[in-house]
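So, here's a batch of structures to check.
In the two complexes below, chain A is the common chain; its partner is chain B in one and chain C in the other.
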Partner chain A sequence: MATTTATLTLTSSDLASDALSLSATKTCYKAGTTIGLDQTTGLAKTYLTAVTNIDIFVPVPGATMDGKNGKVYIANLSTEDTEFVQISIGDKLIGRLYAQDFMWIPWNQEAQHLSDIELAPSVATGMWVEFMHIHEGMVYPTAADS
Partner chain B sequence: MGTLVPTLTLTDSTTFSDEISFSVTDSLTTGTPSQGLTKVTITTADNQELVDNAVSGVFYFFAKNNDDTNFVILQTTASEQYARLSPGEWCFFPINDGNGLEARADTASIELEYAYWKKG
Partner chain C sequence: MATINATLNLASSDLTSSPLSLSKTMTMNKAGSCNGLELTSGLVARKFTATTEVDLCKGGTQNYGIPTVASADGVSTNSANKIYIKNTGSSTTDYVTIGLGTATAADAIGGSHLNLGKLFGGDFLIMPAAFIATHGDITIQPSTAEETTVEYMLFFE
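So, the complex of A and B:
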């Protein structure tokens, strides 16, 4: 049985008068079920040397996966505080991951181009990024040789 | 100003040939405003704004859907949907300056826990 478990802890001793110590754990399930997500891209690590906005996962080829569940992990491995990667879903700008920041977000592959996950580095001098998609299925684009 | 330390741990020893087991930690300098852990009822109505797009800054956002059955939609304050948070699931991500964030239940009202902190 597929049991991918994601845990987030958030801690702080100086954010407010009361110390923060939060923990959230969840097994990743297929949409509307208690069946675990059983497919993944694996953990990818890549070095980007252009500020071009790119698709980091297989672009959504149609609307057939709308409503399916998936989880996305993205991390900016840069150690330069000012360097960031800008994350978008289609034309919807989500936010910037600065050096060492990460995100964990559900991804609904809603429709072609409208929900591709896109990443744009802030500099062309080279940045390491890491990402992974755990999901219940995707439709690969039909191969073309020319 | 304060420091927020988020840690993400992913584990899976049964699904894939290669075991998933890794953990990442960050140290985030935060400023004001911040919103401590809050519980709200999210209905199926549109425009339930959790992060105001008129407040400048990048925000680190956490949310957890406490409902047992129904998912909740996360969207920009322009009602552009970008994520569905399933029952019991949580998320943590940055919100871009000026984007804001809204939530909308899909089928029936749900209880949502959320918090956010401005990047310092």
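So, the complex of A and C:
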């Protein structure tokens, strides 16, 4: 097994009169266990030059990993304040990641289409994004040459 | 305006043969601008003692303000809202399921109601919160009727 630790800190000295200083740390475990997540897609970095809505993580048709644990990280690496990527899961819009924004979520691979993680850039002039899935298992498509 | 920073660190020495040491910081700005988000729900702590699915956080009029509700098609989703959610428990078997939809019997988690994933004890998430009119409520369903405490904090414009 592997040990992967995620730590999130939220800070602000001027959001409210009481300074915000929040920190959360957690080891990423397989569902219902203390066994660490031991598989990953790796950290993908890609340059998108169309506004097409694309799948970045897709459960394989007919296969289900429903109930397995996994964590997804997505970041918009653009430095243009107005540029965003729109994130959806299936037909449900999660929201926008503007320049330098990131998200970290659990992801349940319930079924194809229903659980696909989708990303749509706001501009076709080129945007860098990166994403990674740390998980306990996924099903790969069967090879086919035609 | 306020300056709110969020930093995520991911670290592992043995997930792959090359150590993972990722650090990403975002300053939470309003949509399309370099001005910081300046409204928040505050850090909310809620206790749950049933396995009923309920709304955890949604757009529209709340006691802390009026987070933007986006149009159904997302075209007018002109917001950079962010939400942080944590299961403060320590159980490795009890969890809360986070969903996106509406917390009604006709729209239970599964089916058309998005089952985003599970937060076991100590697990957390941070993500955008568009609050789409038709399905944008962030819902929660504990796996146990034993007391479960969840914290959340919404940053919005």
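Convention: the second predicted complex is superposed on the first by the 140 of 146 C-alpha atoms of A that agree within 3 Å, B and C clash if a C-alpha of one lies under 4 Å from a C-alpha of the other, contacts with A are read in each partner's own complex, and residues count from 1 in each chain.
Quick note on the criterion: contacts are C-beta pairs under 8 Å (C-beta built on N, C-alpha and C of every residue); 3 or more make two chains touch, one makes a residue touch a chain.
Since we're looking at a predicted model, the values are computed, not measured.
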{"item": "First (chain B), second (chain C), both or neither touched by A:Leu15", "value": "both"}
{"item": "Partner chain in contact with A:Thr82 - chain B first, chain C second, else both or neither", "value": "second"}
{"item": "First, second, both or neither for A:Pro141, with chain B first and chain C second", "value": "neither"}
{"item": "Partner chain(s) touched by A:Gly126 [first = chain B, second = chain C, both, neither]", "value": "neither"}
{"item": "Touched partner set for A:Lys26, first chain B, second chain C, both or neither", "value": "both"}
{"item": "Common interface residues of chain A - those touching chain B in one complex and chain C in the other", "value": "2-16, 20, 22, 24, 26, 29, 31-32, 37-38, 40, 42-43, 69, 73, 75, 86-87, 89-90, 92-98, 100-108, 110, 115, 132"}
{"item": "Chain B residues within the chain A interface of the complex", "value": "1-16, 18, 20, 22, 24, 26-28, 30, 34, 36-37, 58-59, 62, 64, 71, 76, 80-86, 88-96, 99, 115, 117, 119"}
{"item": "Interfacial residue positions of chain A with respect to chain B in the complex", "value": "1-16, 20, 22, 24, 26, 28-29, 31-32, 36-38, 40, 42-43, 69, 73, 75, 86-87, 89-98, 100-108, 110, 115, 132"}
{"item": "Residue numbers on chain A that touch chain C, as the complex places them", "value": "2-16, 20, 22, 24-26, 29, 31-34, 37-38, 40, 42-43, 69-70, 73, 75, 81-82, 84, 86-90, 92-98, 100-108, 110, 114-115, 132, 134"}
{"item": "Touching residues on chain C, where the partner in the complex is chain A", "value": "2-16, 20, 22, 24-29, 31-34, 38, 40, 42-43, 70, 74, 77, 79-82, 84, 86, 92-93, 95, 97-98, 100-101, 110, 114-120, 122-130, 132, 135-136, 153, 155"}
